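Handing you a structure now.
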Amino acid sequence: MINVTIWNEGRHERESESVAKVYPKGIHGCIADFLGTDEELNIITATLDDAENGLPESVLENTDVLIWWGHMAHECVPDDLVERVYNRVMRGMGFIALHSAHFSKPFKRLMGTTCSLKWRDGDRERLWCINPSHPIAKDIPEQFSIPVEEMYGERFDIPQPDELVFIGWFKGGEVFRSGCCYQRGLGKVFYFQPGHEENPTYYIPEVQRIINNAVHWAAPSEVVPEIICPWVESVEENYNGANN
Amino acid sequence: MINVTIWNEGRHERESESVAKVYPKGIHGCIADFLGTDEELNIITATLDDAENGLPESVLENTDVLIWWGHMAHECVPDDLVERVYNRVMRGMGFIALHSAHFSKPFKRLMGTTCSLKWRDGDRERLWCINPSHPIAKDIPEQFSIPVEEMYGERFDIPQPDELVFIGWFKGGEVFRSGCCYQRGLGKVFYFQPGHEENPTYYIPEVQRIINNAVHWAAPSEVVPEIICPWVESVEENYNGANN
Amino acid sequence: MINVTIWNEGRHERESESVAKVYPKGIHGCIADFLGTDEELNIITATLDDAENGLPESVLENTDVLIWWGHMAHECVPDDLVERVYNRVMRGMGFIALHSAHFSKPFKRLMGTTCSLKWRDGDRERLWCINPSHPIAKDIPEQFSIPVEEMYGERFDIPQPDELVFIGWFKGGEVFRSGCCYQRGLGKVFYFQPGHEENPTYYIPEVQRIINNAVHWAAPSEVVPEIICPWVESVEENYNGANN
Amino acid sequence: MINVTIWNEGRHERESESVAKVYPKGIHGCIADFLGTDEELNIITATLDDAENGLPESVLENTDVLIWWGHMAHECVPDDLVERVYNRVMRGMGFIALHSAHFSKPFKRLMGTTCSLKWRDGDRERLWCINPSHPIAKDIPEQFSIPVEEMYGERFDIPQPDELVFIGWFKGGEVFRSGCCYQRGLGKVFYFQPGHEENPTYYIPEVQRIINNAVHWAAPSEVVPEIICPWVESVEENYNGANN
């Protein structure tokens, strides 16, 4: 089983009727619903305004893959929580940043760049898969459309992705590296661009499949209790002739 | 189930008593033995001197992952077989090149470089894992020794690996990129340096685990019947408003 | 000085009036004209139907950067010339493949993949620069348009580029990795997608600047007479205490 | 001209006689001396205990490439200086982190990982060049020795380098990715492992040449006044038929 925690800022849904109409259970609730059909996943949700911002140590420690959606309240995420999330990724936790989480504190912390981009509401997108044998692209067609989606355009100020899986085409004329894989520490990080709060993007089957695939891809193969920087004895001086 | 074909040149074992002593069933037989304990694998072996060099179309077409060991008879592998192997990789088959297969025709065909290196028999190696969360590194310690192994040294004339998993340290003073991952077409390619025919390297548990892991990693997620370069209609002109 | 050889198949210009009208001196002549204003370049041109296909050993050996345009006659390029070009790249020569040269023998030889793609004549393209601090992007705006250009669309079956500099947006709905950098052997390789023979693409100042930048980027820093795979003595056994 | 600022913590040299003996002008002074022979460089030095830690805004703004050496006093570097250095890199400044600067705040900020490693004083190193056509490897032999150097060993917890140029071999049995290139924002970042304060490493001609090469490589091709994340109009809606 993979323990998935879906973290959502959760403010747009409370403050905007139109967003609440699109996501009556919150974006986290919508994601939990479609991931919930995968029997290999244990899912919980958490939001910014929950106690300890929804991520007390006990929850974070028990999370294999953390999905993060945030937008209007990035600054309300405490810096020490950001450090705790960062440290869990270093130790092996997967991290999936969705849409406006490009500007979330944990994602920027992991990238080491500004993660700036161009944007414009209400465009139309085609998502092209350029890496069809990547695990995150499993069962995804070569392209599909998102009828209404916020345009995110290049230049996206990110480090060169370890693997680029999707490129977005926008009717308004822009392109975007929309699906980007990174390794950071022992953890795997996936950024996925679609998912503006005002658009029903997370109801699109291909989007759901991509996020589901990404959870499996980001699940840790190795988790360590601590990252250390140790003084070590010489392995050669202690060599005994065996293969260890 | 993953269909694995272990291809071995198979000449050293016949022509050299000392090699035959190390690998009485041939290198392919040794690999088949240790992979054979994995119940998810269907394993067959094939050698250069079998009919159709062991890889008639029916076998190649039914192979998910092809393991390749060759050394003294690279030039005896027919060019049309090389093209067939290359085409299967393009269409999704995994390919694992072992040791002296750095100079095999299929590996060089897939790399697009000379794959030259430095070499010297009878050194001692330590293999360091630099990417412990990579699937191929699962359950591998941070380093282990190979008491006697042919030294392969940099510069190794390969394209920059998509992922570098192991670096070899040699007592004689050299280093080597010993475990290198590539994607080529829809296929995954792994090069693994240890495995000189005169040394019992393939009996080392860590080496066995790495090759076993690599088979699972290289198993295709997508296989296509043909790679085409098609004229296409505009997806925009045919857009109907739905998400496809 | 950088010795640049512009190789062009040169057949469309002879066989099609409309192409000849766009490129009265041939595509090679057009490229030679705009590169000719760069005083650091020594430029010659060569075509398929010249003696020895325009690339006798003396020319190839004296070339620092080889620009390649081909389309209808890829198959007429002799295999031994392909091997000679490949070997020069291994030894340090830069190689710039333009547009339909994605399917040229030397480019496919260097990539190790099919280099397939989707295509459609007469689209309109926007080229986005995603790596503005790359040497090939010097003085290039964040995007510019090519009013009429053949659409090349993903999936482009290439190895993951070492560096991706440009992404193309097409009005018809497709995207493309339009500017891709690779190292192969000691040589640098750049693929640049724009440049259909029927369109005046090579008269666009930004396109000219990109090709000019690419020549400087691909110019060799090191050239070796031969690539070898040598037996070597142990550097450690011969260590004398100094720093060599 | 390239404006180079050599920043050194500068404490070991004051607090330890043995270090002061090796670097009587400080490590920064030694580096300034050998870089000073390059007429294309304007060099200044700065240390932690200078006013404003040696990097007031006027200095940082006028720096093209910042070299950073630090070890015992990483924590004394104020966080707001780290943010200013980070922002200058985003906007195009080159950054070269030497040896124990793997654990400096600016380097860790740019990497997004812990940058942990193994270490042990007083080993001997061979540095192998695996990318001889890289600009930083210009005029560097395929390997050279550092008679006494602190061992830094894998696993080095860094993001996969965009380009790996050097691998270190240590007599004690370890290996290390000793020369790593990254792009972050518009800036180029190079990490170079040799240079323990107690060893005369920076007097070795090859080490000097590498650092000199790295300065030229990291010099910005483009610098912007500000990184923004702008709302933009559709380029398509404003398309006028020209190539802009």
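Each chain carries a letter (A, B, C and D) given by its place in the written order, and its residues are counted from 1.
Here is the rule we go by: a contact is a pair of C-beta atoms (placed from the backbone, for glycine too) under 8 Å apart; a residue touches a chain by one contact, two chains touch by 3 or more.
Quick caveat, the model's predicted, so the values are computed rather than measured.
Visitor: Give me the C-alpha superposition rotation for chain B onto chain C, in degrees, nearest 5.
Guide: 180
Visitor: Is the contact between chain B and chain D built from the same residue numbers on each copy (over half shared) or from different ones (under half shared)?
Guide: Same, since over half the interface numbering is common to both chains.
Visitor: Report the inter-centroid distance (CA atoms only) between chain C and chain D in whole Å.
Guide: 32
Visitor: Could you state the distance in Å from the CA-based centre of chain A to that of chain C?
Guide: The separation of the two C-alpha centroids amounts to 37 Å.
Visitor: At which residue positions does chain B touch at least two other chains?
Guide: 126, 131-132, 143, 153, 160, 162-163, 171, 173-174, 183, 235-236, 239
Visitor: Where on chain B does chain A make contact in their complex?
Guide: Interface residues on the chain B side: 92, 126, 131-135, 137-138, 141, 143-147, 162-163, 171, 183, 186-188, 204, 206, 220-222, 235-236, 239, 241-244.
Visitor: So in the complex, the part of chain D that touches chain B is made up of which residues?
Guide: Interface residues on chain D, with respect to chain B: 126, 128-132, 142-143, 153-156, 160, 163-164, 167-170, 173-175, 177.
Visitor: Given the complex with chain A, which residues does chain D contribute to the contact?
Guide: Listed in rising order, the residues are 86, 90, 103, 109-114, 116-120, 123, 151, 153, 157, 159-160, 162, 171-174, 182-185, 227-237, 239.
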